[in-house]
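Look at the two complexes coming up: chain A is in both, with chain B in one and chain C in the other.
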Partner chain A sequence: MAFFLETLIGGLMAGMLYALVALGFVLIFKASGVFNFAQGAMVLFAALAMARFSEWFNAALGGDSLLLANILAFIASGGVMFVVAWVIERLALRNLVNQEGATLLMATLGITYVLEGVGQTIFGSEIYAIDVGMPKEPVMMFENLFEGGILINKEDFIAALIAAALVAGLSLFFQKTSTGRALRAVADDHQAALSIGIPLNRIWVIVWCVAGIVALVAGIIWGSKLGVQFSLATVALRALPVVILGGLTSVPGAIIGGLIIGVGEKLSEVYLGPYVGGGIEIWFAYMLALVFLLFRPQGLFGEKIIDRV
Partner chain B sequence: MKIRSLALAVSMATIGLTSAVTSTAAFAQAKEQFFPVLVYRTGAYAANGNPWANGYVDYLKLVNAQGGINGVKLSFEECEFGYATDRGVECYERLKGKGATVFQPLSTGVTFALTDKAPVDKIPLITAGYGRSESQDGSVFMWNFPLLGTYWVAADVAIQHIGKQAGGLDKLKGKKIALVYHDSPFGKEPIPMLQERAKMHGFELMLLPVAHPGVEQKATWLQIRQNRPDNVLLWGWGVMNSTALKEAQATGYPREKMLGVWWAGAEPDVKDVAAGAKGYNALALQHSAEPKSKVVADVLAQVHGKGQGTGPKEEVGQVLYMRGLISAMLAVEGVRKAQERYGKGKVMTGEQVRWGLENMNLDQKTLDAMGFAGVMRPVQTSCLDHMGASWVRIQTWDGSKWVPGNDWYQADEKLLRGMVLNASRKYAEEKKITPRTPEQCKQ
Partner chain C sequence: MIYRENGQFKTSYGADQQIFPIAQDRWAVLAIIAFAFIGVPLLADEYMFRAILIPFLILSLAALGVNLLVGYCGQITLGAGAFMAIGAYAAYNFLIRIDGMPLLGALILGGLTSAAMGILFGIPSLRVRGLYLAVATLAAQFFWDWAFLRIKWFTNDSSSGSVSVSNLDFFGWTIDAPAEKYLFCLGMLVVFGLLAKNMTRASIGRQWMAIRDMDVAAEVIGIRPMWAKLSAFAVSSFFVGVAGAMWGFVHLGSWEPAAFSVDRSFQLLFMVIIGGLGSIVGSFFGAAFIVILPIFLNQMLPALGGLFGVSISTAAVSHAELIIFGVLIVFFLIVEPHGLARLWATSKEKLRLWPFPH
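Up next is the complex of A and B:
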């Protein structure tokens, strides 16, 4: 029982981290109707910027204050992500207003390669560390209830809390602010939004900026956990089944989807894996998402699209 | 009309000059020994692929700086394949036409794919510390050279070391050893040897595959926590290694009980885990980090010192840099040996280099003179043994650097030979290859 709970809790916390990346997909899709394939590359780019700025600032400060170096690095990386958002809007999206979804998707595919290449060219392709003071040692809980207790990964726990806070904040932003409503309007119909005076270009810069900040937070958390290196870009592939399952237009869907995928893949690996040779968690997540799609093509919380024939 | 004539004259002169330059270049090329370099400087494995490639290329530059191989200069061309087997084969196809006489794919998957192609193209494959374990048998695998060691050697030595720590191999009975491996041909390669050893000594072998690239291992380490194996063997590459160490830390598994293969024992594997990996052990394919060796001093002086270094200066002498450098040295020595038979100062063909690799005899005196004193031990190949050496050390991460141990291990020759022959004969039957006889070997 204790082991089952450990696996379950581990899955839930991993799920929150997936949700954090999935959030980037949802934000941009919700606000611009673009399926942003470049979200993983943005996570990598942001994490590389954060790791290297932190290293450089720390060296410039004489290695005395890592906290100050990290704060400066966060601000600088945020600035870099703003520039990235602005450049993407200027060079790619502005020319693609009112184009088909597939065209925009292909554009983000191109952006992926550019960001991966430019990121590694500027910041390097080694493994870099982000040290934001996340605890690495585990903690044992409920030792009086279960023999040996239940192991909780403190780093994952804190990361899950940060992810939850970010998700809550973004939900409020979308639902309660006028900018949030403008973003949703743009997503519904570019031309209609333009006709009522919503500045499309500015809105796109805003949404890509927000997605960039989400990518930065995800990059810091994942980078602190795994080290900053190219594989961070593949983390986005772990978030794909999450958005398929949760629905592309729903922030709460990203969370619930993340939790289901996180728990599903951990339990499947531990309990089904040994019977089929192991190493199944990656494809199991996609299979789970496919099964959901059979019954709810729009995902758990996605908007049902009804077209008049 | 005048302008047209002038233009025509200029064009003709240009064509003439170009052809003259081209033929000079072609002549110059004909006097160069070409080394293709398959690299992965981008992608998920770049952090580990880069230092290997830098060491490889720096050594070729060093040989050139010292006058080449008996006057024959070395040329090289890199081909980026991102550790993807299909792209690796593409690189091979592209570079073989440029006069390649030896390939080193740095990928077991690519080695498997090229093993059938090499005999057709007559280009030897050096797979120092990776590749097919049974390819040690040169009577069947005429073109494969798993120099210095195979994964069966690594697995065998790993169990010997764990046995030694436990107080003897007989003490392994009833123990549990987990293999956390990259779910690829590379990761699966040691399994037959480990299963054989498990049968011999009565320990339980747990197999835990990790999907590429290895960033998600939570479920794997939860299983380790549940089953509490006495030791964990880590057969990873790239980010999988540092992730495994971080998960071990997060689940409280003692790093001292972990032993990595020689591809899980370099700086990129532990650098960002730092103190969290303290006590972790890894096999060393003879060498460890060797910043004080003479060959490193030579590279720094004659390559980096002249502004021709391939990578960062600080990396020179690190574990994977040394692996790349030694791999290049083995290829160069294969060519040098071939020249002894086929003509000094000549460019060798693939077949001639194959002979050189099969008759390599690098004794300690030669190695020391080349600057490898304390870095590696003698390598002597033969028709039946394309590996040439099976020496392994254990190194330990002390939180900031790798510290090589003093004990040297060798694979159990009897056990290894039996397994190699069984597997190579099976391969020969499958591929309808007639193993070379001792007489044929002498040719």
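Up next is the complex of A and C:
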């Protein structure tokens, strides 16, 4: 029982991390109808920027204040992500308005290549570490309830808390601010939003910026967990089933989907994996999402798809 | 002036429905095919065959298959690499497990296995569509990546997971020289290209296109979506599977599951979209673009650096390749979202009126 709970909690926390990446997909899809394959590359780019800036600032400050260096690096990386968002909107997306979904998807794949190339050219292509002072040691909990207690990774726990805070903040931003309202209007109907005077291009820059910041947070958390390296870009592929499971247009869907996928992956790997040779978590998530889709084609919380002739 | 159809009268239904109704097109295509069969083997050297021509032919075949599904039936797939893998491994198993299995038989059976799997993984398309479907097809990709890596039976229990095929024997013709491989691939491509072209002109292709344009409307006018979508998945997977088997047998010789990774799927989709959705000739353009561009960049960049007196490291070259490749893709999508095939059609239209455009 304790082992099961341990796996379950581990899955939930891994799920929050997936949700963090999935959130970036959802934000951009909601506002511009672009299925942004470049989210993974953005995570890598942001993490690379963060790792290197932190290193450089730390060296410049003489190495006595890691916290200050990290804060400066965070601000600088945020600035870099803003520039990235602006360039993508200006050079690519603005010229691709009204294209089909598949074309936009391919364009973001092209952007992926550019981001990977530029990121590694500027920041280097070695493996870097991000040290933001996340505690690494696991803690025991509920020792009075179960024999031996449950081992919980503190780092995952904090990451999950950050993810939750980010989601809450984003929900507030979407619901309560006028920019958020404009974003939702654009998501509903581009033309209607334009006709009441919402500047579409600026909204898109904002959305890509927000997605860039989300990518930065995801990059920091994933980066401090796994190290900043090229394989970070493939995190996007792990997050895709989360997105379609939760529904492409739903922020809470990304979270719930992430939790379901995280738990499903961990439980399947632990209880099913040994029978079939292990390593099944990557496709199991997709299969899980597929089965969900067969019953709810729009995902758990996606908008209902209505067809008219 | 030259490219003009004045005086070419169609006097029968057959003449009206032929693939190339304009005589100049007909002759040009025949000339290209003749050149490909006779001229190219005389002119090309071994490097050309190995690095460019054979990959181009095989990937054209795969892109053709993907185009039937994505371009004609409108079902986006990101799992094409998996179906190449299924074709390759199935053909391999048929070849080694059944005595006296001819090469062509193994290729066709590999394609049929891939088609069966295509139907299975096409079932979600009956419920989901568009981008949801694209992600759903990734399930096939990751599942088969895993299966060929972990299930030893597929790879004939080889310890490293890599399998190899030697002694390609096509009804007594031993295919081993690069030029022979090229001719074999070319022959297959011509047959399958003709097949694909005729399918898209026939009832089945029209059903696919109706489904692509609007599936609810197609259903209303009496097209069975299940039949149309699953047949598109089956035919497309068959093409892709045969291409995969040829990629393994003819091009690589020995291969590992990594040869058919998700990058391959993306690459095939790129070919189709850059080449032109819903265009047979577009598949060839797309394949040529995607095969040749990286090789070109790889050769050009160090030379270009040398021109300006800068020596570029290999890492920088590979990064620059990524950047230029990505930029070119975005650029092409912006300039001509309908692909190279549309550019081709426009230029043909211009040529018809030349030199008096008004």
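Throughout what follows, the second predicted complex is superposed on the first by the 309 of 309 C-alpha atoms of A that agree within 3 Å, B and C clash if a C-alpha of one lies under 4 Å from a C-alpha of the other, contacts with A are read in each partner's own complex, and residues count from 1 in each chain.
We take it that a residue touches a chain if its C-beta (ideal position, glycine included) is under 8 Å from a C-beta of that chain, and two chains touch if they have at least 3 such contacts.
Note that this is a predicted model, so its numbers are computed, not measured.
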Quiz item: What's your read, chain B or chain C touching more residues of chain A?
Solution: C
Exercise. Would you sort A:V276 into first (chain B), second (chain C), both or neither based on which partner it touches?
Key: second
Quiz prompt | chain B versus chain C as contact partner of A:A14, first or second or both or neither | solution = first
Quiz item: Is A:Y286 touching the first partner chain B, the second partner chain C, both, or neither of them?
Solution: second
Exercise. Name the contact category of A:F57: first (chain B only), second (chain C only), both, or neither.
Key: neither
Exercise. Look at A:L226 in the shared chain and tell me whether it touches chain B only, chain C only, both, or neither; answer first, second, both or neither.
Key: first
Quiz item: Who does A:S125 touch here: chain B (first), chain C (second), both, or neither?
Solution: both
Quiz item: When the two structures are overlaid on chain A, which partner does A:E155 contact: first (chain B), second (chain C), both, or neither?
Solution: first
Exercise. Examine A:T103 and indicate which partner it touches, taking first as chain B and second as chain C; both and neither are also allowed.
Key: second
Quiz prompt | Set intersection of chain A contacts, chain C complex versus chain B complex | solution = 117, 120, 125, 277-279, 282
Quiz item: Inside the complex, what are the residues of chain B that reach chain A?
Solution: 41-44, 46-47, 50, 183, 207-211, 213-216, 218-220, 222-223, 225-226, 238-239, 242-243, 246, 249-252, 268, 271-274, 276
Quiz prompt | Contacting residues of chain A [partner chain B, same complex] | solution = 3, 6-7, 10-11, 14, 117, 120, 125-129, 136-138, 151, 153, 155-156, 225-231, 234-235, 238, 265-266, 269-270, 273, 277-279, 281-282
Quiz prompt | Partner chain C, residues of chain A touching it in the complex | solution = 35, 91-92, 95-96, 99-103, 105-107, 109-118, 120-121, 125, 237, 240-241, 243-244, 248, 276-280, 282-283, 286-287, 289-290, 293-294, 297-299, 307-309
Quiz item: In the complex of these two chains, what residues of chain C are touching chain A?
Solution: 70, 76, 124, 127-132, 134-136, 138-139, 142-143, 145-146, 149-151, 214-217, 220, 262, 266, 269-270, 273-274, 277, 315-316, 319-323, 325-330, 333-334, 337
